[in-house]
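Each of the two complexes below includes chain A, the first together with chain B, the second together with chain C.
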Partner chain A sequence: MEAFEGFLDDGGIVEPDDAMPDAYREAVFRFIEMHANSELMGGLTERDWIPRTPGLRHKMATLAKTQDEIGHGHLLYMVAADLGVKTRTGMLEDLFAGRSRFHNVFHYRAKTWGDQVAIAFLVDAAALVSQQAVFKVCSYGPYRRILKRIIAEEGFHMRFGEERMLRIAEGTDVQRSMFQRSINDWWWPALQLFGPDSRPDDVLLRWHIKSERNEVLRDRWVQKFVPLLQGYGFAIPDPGLAFDEEEGHWVSGPIDWEPLEKTVQQAGPDSARRIGEAAANWADSQWVRDALDRVAALPDVA
Partner chain B sequence: MTRSSSSTAGLADAVNKAVAGVDDPEYPGVSIVDLGLVERVDVTGNGRASIGLVPTFSGCPALDVIAADVRDAASAVTGVTSVDVHWLASPIWSSDRITARARKALADRFTVAVGNDDEAATCPRCGESTVEQSTFGPSRCRAIHRCSGCAEVVEVLRA
Partner chain C sequence: MRTYEVFLKPDGRDEFRHAGSIEAPNDEVALVMARENYARRAEGSRLWLVDRARIVVGDEDFVAPNADKPHRHNDGARVAERRRRLREDGK
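For the complex of A and B:
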């Protein structure tokens, strides 16, 4: 392990066929599995909004974003399966049985278009900030290469998120108050996507699977979005939020981590419905997989 | 007369250069010209630029973003008085429009291969052939393949 850690400290990149300690393999696998699960659960939510997205242009964007996220999930499940800890089907079955994790934000329900905009704007940005921090160092080669493309595509989503936010911000009073309610509901889940402060012995940092501590990333996001939302006249739902004049720095109030803990236990406000619907989709599409298997088993007539 | 036409040619060159500076929104650093998205750049004597683009597929969500970036780039050229950017229904884009330079950038920087019915994709990492795993990946212009040599998961940009 010591030699392996020295290799990682020197910027070494691990490829699937390389020897690696079991603990490293397990940690990388868990990390990618959770990312893959989150892309899939996020894609399914996005899909629900295809018919409800206002305007053809943004409807096309929602459609494409759905394709994008399902595609990312597909790539990530392949890379995760290559680590040999679980098969792809095993990962999906665990997800639909509520046995494995996905990002906290997908344990909440998006009720209005304002919520969708808050997700595209605040949550996608939080995901991008944390993915960039992984990409910067990531010691596992295949994941790093896929992240590079995912980050470029998420950056492209952000342009749509910003445009949607601007439209609402410059909209009617009704639209603005709808968006304020969405900020109230999504500010804390988005902020908690980064997780609680990193432990000093966090192996993800030690093994260069990510480059920065959770609290540093969370802080970076706060510095960006507090002035942005306030600049458009929206309030941040954090009564303890303060501006440190000397440091020129926003400081969040105390964070209640219980809602995050609940999502980890699959007991968030919308966890049961989300997992149930995903599981039902999986069961309903069994005939497609069966048909594909039968086609694949046919003798080659060409 | 000669002077006017040579300055028009100079302006057309400047607009072409500006358009070539526009990157694909999903592949920063890869020019849309090298990806074969730019079919025509016409500039008239009075500085009117007309730019015809071809999409990789007509439902591509990046169309507006690309058109806006092209409009901005062309408008910034001194001497350009108006810019018209439009998406053409023909010719139809195919991956053979992608230049060698873009292929290299896609392979080296994004681990993305290029392929179509006549041109089998090869792995950007080891050069071996790839096998399709899914007809569509994160976008409808890309498939997901796996390398038959090093087993890398590869996205293939194709018509």
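For the complex of A and C:
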């Protein structure tokens, strides 16, 4: 392990066929599996909003975003499966049975178009910030290469989110108050996506899977979004939020981690429904997998 | 199901690059899967798919000894040294 850690410290990149300590393999696998699950769960909600997205241009963008998210999940499941810990089917079955984790934000329900815009803007940005921090150092080669593609595409999502947010910000009072409610509902879940402060002995940091501590990333996100939302005349639902004049720095009030803990236990406000929907979707699409299996069983034409 | 490695060629200048992998039942379906997963925004104009089972692998023990063959390189140091001596002698 010591030699392996030295290799990682020197910027070494690990490839799937390389020898690696079991603990490293396990840690990288868990991380990628959770990322893959989150992309899939996010893609499924995105899909729900295709018929409800206002305007043809944005409806088409939602369609493209849905395909992106499902695509991200697809690529990540391939990378995760190559680690040999679980098969892709095994990972999906665990997800639909509530046995494996996905990001906290997908344990809440998006009820209005305002929610959907807040997600595209605040949540996609939070995901992007954490993915960039992984991409910067990530010692596991295949994940790093796939992240490059994912980050580029998350950039599109965030820009669509910002454009949609701007339209609402310039809209009627009804639209603005709808969006304020969405900020009230989604500010904390988005902020909690980064997780509680990193432990000093976090192996994800030690093994160069993540480059920065959770609290640093969370803070970076706060610095960006507080002035942005306030600039458009929206309020941040954090009574403890304060501006440190000397440092020129926004400081969040105390964070209640209880809701995050709930989502980890699959007991968030919308966890059961979301997992149920995902499982139903998996069952409904069985005919596609069956068709592909039948094609695989055909003799080669060539 | 087969696993295919996906290679994309971005434009006339660059070489084919490994993009990732995809699972598909045959070549025909694999082409569609690869395009929809790796080239949604014109990331490449040409696509190569290689069945992972058919890849010939040269492992490190076989390939790496070539790193230690100095006679295959010439850094020009000897010529530079000789030129310098000739210059100084000519003064």
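Please note the rule applied: the second predicted complex is superposed on the first by the 300 of 302 C-alpha atoms of A that agree within 3 Å, B and C clash if a C-alpha of one lies under 4 Å from a C-alpha of the other, contacts with A are read in each partner's own complex, and residues count from 1 in each chain.
Heads up, the rule we're going with is that contacts are C-beta pairs under 8 Å (C-beta built on N, C-alpha and C of every residue); 3 or more make two chains touch, one makes a residue touch a chain.
The shown structure was predicted, so the numbers you read here are calculated from the model rather than taken from an experiment.
In the three-chain model built by superposing on chain A, chain B clashes with chain C. Look at A:Leu292: by the touch rule set out above, it reaches chain C but stays clear of chain B. In the superposed model, A:Arg159 lies in contact with chain B only, and not with chain C.
Of the two partner chains placed by superposition, chain B and chain C are both touched by A:Met78. In the superposed pair of complexes, A:Ile146 makes contact with chain B and with chain C alike. Once chain A of one complex is fitted onto chain A of the other, the partner contacts of A:Arg57 are limited to chain B, with no touch recorded for chain C. When the two complexes are overlaid on their common chain A, residue A:Met178 makes contact with neither chain B nor chain C. Once the two complexes are overlaid on the shared chain, A:Leu228 sits clear of chain B and of chain C alike.
Of the two partner chains placed by superposition, A:Met34 touches none, neither chain B nor chain C. Looking at the shared chain after the overlay, A:Gln67 reaches both chain B and chain C. Once the two structures are overlaid, the count of chain A residues touched is higher for B than for its counterpart among chain B and chain C. With the complexes overlaid on chain A C-alpha atoms, the stretch of chain B that clashes with chain C is 114-122, out of 24-32, 42-50, 78-86 or 114-122. Residue overlap on chain A between its contacts with chain B in one complex and with chain C in the other: 64, 67-68, 71, 74-75, 78-79, 82, 142, 145-146, 149, 153.
Here chain A touches chain B in the complex through residues 16, 57, 60-61, 63-65, 67-72, 74-75, 78-79, 82, 142, 145-146, 148-149, 152-153, 155-156, 159-160, going by the rule given at the top. Residues 25-28, 59-62, 64-65, 109-112, 133-134, 136-140, 142, 144, 146, 151-153, 155 of chain B are the ones that touch chain A when the two sit in their complex.
On the side of chain C, the complex with chain A involves touching residues 1-3, 18-27, 29, 36-38, 40-41, 43, 57. Across the complex, chain C is touched by residues 17, 64, 67-68, 71, 74-75, 78-79, 82, 88, 142, 145-146, 149, 153, 292-293, 295-296, 298, 300, 302 of chain A.
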